[in-house]
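Should a chain be cited, it is by its letter among A, B, C, D, E and F, assigned in written order, with residues numbered from 1 in that chain.
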C-alpha cells in the first residue's frame, strides 16, 4: 500500500536568469524581463511529496513535522531571503530557472528522506507557473 | 480515452492522534501537539478523482452532481461536525492520521462509484499538509 | 530526465449543457441547472503541462512565455468572453461539458507544442470541479 | 460593541454588458469583450457582511446558517445557473455590470436581515475584479 | 498618515457550541451540528491589523516579525492544537463562537501592541465564514 | 451612492531593506533576513480600490479595463521584474518596506484616477503580510 504525503513550504528569494556566454542583449532576448541585470524575485512555494506505507504503530508514512524540519534544514536555510544567483552554494554555477531549482531541491533532499521514498518536488514560482520533478 | 474528474468537498472535524498502547508521555513525544488529550480540529478538504471515458450521450465520465451526492452520503454524513475518534463508525479503532482517514475514505467510496473507476482520494488537512491514496 | 512545466490560464465563458436529441425536460433531468435554456457561465482555469528535459543552454523545458502565448493563440482567443455553444469553431457540435472542453483544448494545443511533449490539460470549472485529460 | 459577520456564497451565471440605446459597434467599443452578443459568464463570489452585537445567549450576531439560507432564498435561487440578462426578475432592465449586480443584491437582502444590520455586499467577478457596496 | 499592517496566522482547534443552561436538544436546535457533544474543529485563520504611521527610520508601522511573535505568544500558544472549550484560560466560560473568539483575541493582544494601535481582528472559521472585530 | 471597485495586479521584484546610516550589523539587527546584502524578492499582489457612483449609461464606476491599464502604465511598467532598490525612479532614496511601496504606489496613481476617487492601495507582500494605505 502506497500513500503520498505532501508538505508545502515557502521561501522568498531574488534571482536573475542568464547564460554566462550570452551577451546582455542575447540574455534579454532569450529570458526577457527575467534577465533584468539587477534581478527580480518571487515568493516560491515548494511542495515535497514522499511516498510509502503508513507505519502501523503511528499511522504516518513520514512524520510531517520531520519532513517540515528536513525541508527547513536542507532547503529553506539556504534559499529563504537570499539571492539565488549569489548566496546559495547548492545552486552555484546553475542558471536559477524554476526547472533547475526544482531539480536541485530534489537532490538536496534525497539523501535525507527516510520512512518513505522521495516522490516529487513541485516548485510554484508564480500563481501561473509551476514546475515538477520526479527524479526520473 | 481516459478523463479524470475531481470533486472537492469539505468537512470540519475534531481529532486526537494517539496509540492506545502508548503512555500519554510517549504519545506527546510521538505525535506532539496532535496528541493534546482534549483534541484539536481541522477544516479538511477532500478531493475525490474518478477516471473513465466520457459517455458519448452526456459527455460526462460521472455526473459531478452524483459524485457530490455520493461523497455526502458515504463520507460527509459521517465525519462533518464530528469527533473522528469517537463519532465515526468507519474510523473505529483507527488512529485518525490524515493517512488513515484518506485510506478509510477510499474504502467508503469504492463500492459506490459507477460510470468510472475510483482513481484517488486526496485529503488536505492544513494548507501545508496533503495526503493522497490511489488504492495501490 | 523529465521535468513537468505547468502554465495556468483563465477564461470567462457562457455555456449550456444539452443533447440535441433530448427534449427540454429530458435535458433538465439529465443536466439539471446546467441545461438552463438561456445558459450560465464560469471563470474557467486551464492548466497545461508540458514534459521534457530542460535545455542545457537555457534551463527551460519550454519557455513559459512561449507556452503562455500558445495558450492565448490557440485557446483563449477562441473561448475567452465567448459562448461555448455558439461562438467557438473547435467546439462546434460538441456538448461543452468540462470533459469535452478539456479534450478539445488538448487537441487544439497538441500540434503546436515543441521542446517537450504535451502531458496534461486540467480544466477547473468551479472551485469544486476539475477535469484532467492526458491524451491517453 | 459591533462585530462584523461575513458569509461567502457562489453562483455561476452568464451575462452580456450593453446599453439598449447603443449600436453593436458602440457597445463593443464601450464594453469590449464583455459585450459579446452571445454572452459570456463567470463564477461569482458574493460576500455578505452583517454588523451587530453578539447575542449574549448564543454568542451569534446572526446565525450563519440563517444568513446562508437568506442568501440562497433571496439571491442564489434567482441567479445561480442563470442568464443575468434574461432570467432574473430583480435585474430586469439593468445592465448587469458587477456594480449593478452588487447594488441589486443589497436591495434583495436588506428587508430580510434581522439580528444585525446589513453592512456590505462584495461581489468578486474574477480573481482580479471585486465590487463592494455598503448602502451609502 | 495612517498605514494599516496586517499579519495572518493560523491555528487548528476543536470546539463545541452550547449554552450551559440549554438542554442537549435545545443546544442542537440552536447550534445545529456545531453542538455535536464530542466536538468538531477548524483550521482558523486570524488576521490582525495594526494602524499607525511608518517610522521614518525603519519604514515600519510595526515590525511584522514582532507582530508575528506577539500573536504567537499571546494567542497561538494558548489555542493552537487545543480544545477551545477546555484548554484555553482566556476563553474560560465563553461559548466559543467565532464572534466570541475574535473579541477575546482582541483583548489578548490589545495591551501588547506598540508602535501603532490595534485596528481589527478578523477570524476566518471556514472558507465561507469570517468574523471581524474593531474594538468598537 | 458610493460603490467600491477593486482591481488586483501582480508583480515580481527583488528588494533589500536597510537604512543608509546603519552599519551592516545594525541593518541585520533591525531588518533581519530582509536585509540580506544581495537582496531577496517577492511576488507582490497590489489591490487598487476606486470609489464612486456608477455611471448611469455604462453601469461602471470606472472601466476596470482602464483601471488595469493605469496600474500597468504607472506602476507595473516600473516595478515588475525589477530591483526595487536600484531600478525604480519613484522609489529612489526610499527604503522599500511594504509600507513605503504602498504609499508610493498611491502617489503614482492618484493624479491619473478619473471617474471616481482613489480609495485605497493594498499590497500583499507574502500570503501572511499585507499593507493598506488610504491616503489619510
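Just so we're on the same page, a contact is a pair of C-beta atoms (placed from the backbone, for glycine too) under 8 Å apart; a residue touches a chain by one contact, two chains touch by 3 or more.
What you see is a predicted model, and the numbers here were worked out from it, not measured in a lab.
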{"item": "Minimum number of chain-to-chain contact steps, chain A to chain E", "value": "2"}
{"item": "Pair sharing more residue contacts (C-beta pairs) when C-D is set against A-B", "value": "C-D"}
{"item": "Farthest chain (mean CA position) relative to chain D", "value": "A"}
{"item": "Size of the rotation, in steps of 5 degrees, that lays the CA trace of chain D over chain F", "value": "120"}
{"item": "Chain of greatest Cα-centre distance to chain C", "value": "E"}
{"item": "Distance between chain centroids, defined by C-alpha means - chain A, chain D (Å)", "value": "41"}
{"item": "Between chain D and chain E, centroid-to-centroid distance (C-alpha), Å", "value": "28"}
{"item": "Shared-contact residues (touching 2 or more other chains) in chain B", "value": "32, 127"}
{"item": "Chains touching one another, given as label pairs in label order", "value": "A-B, A-C, A-F, B-C, B-E, C-D, D-E, D-F, E-F"}
{"item": "Complex contacts: residues of chain E adjacent to chain D", "value": "17, 19, 30-32, 94-97, 99-100, 102-103, 127-134, 136"}
{"item": "Interfacial residue positions of chain C with respect to chain A in the complex", "value": "1-9, 47, 54, 57-61, 64-65, 68"}
{"item": "In the complex, chain C residues that touch chain D", "value": "10, 12-15, 32-34, 36, 38-43, 80-83, 86-87, 126-127"}
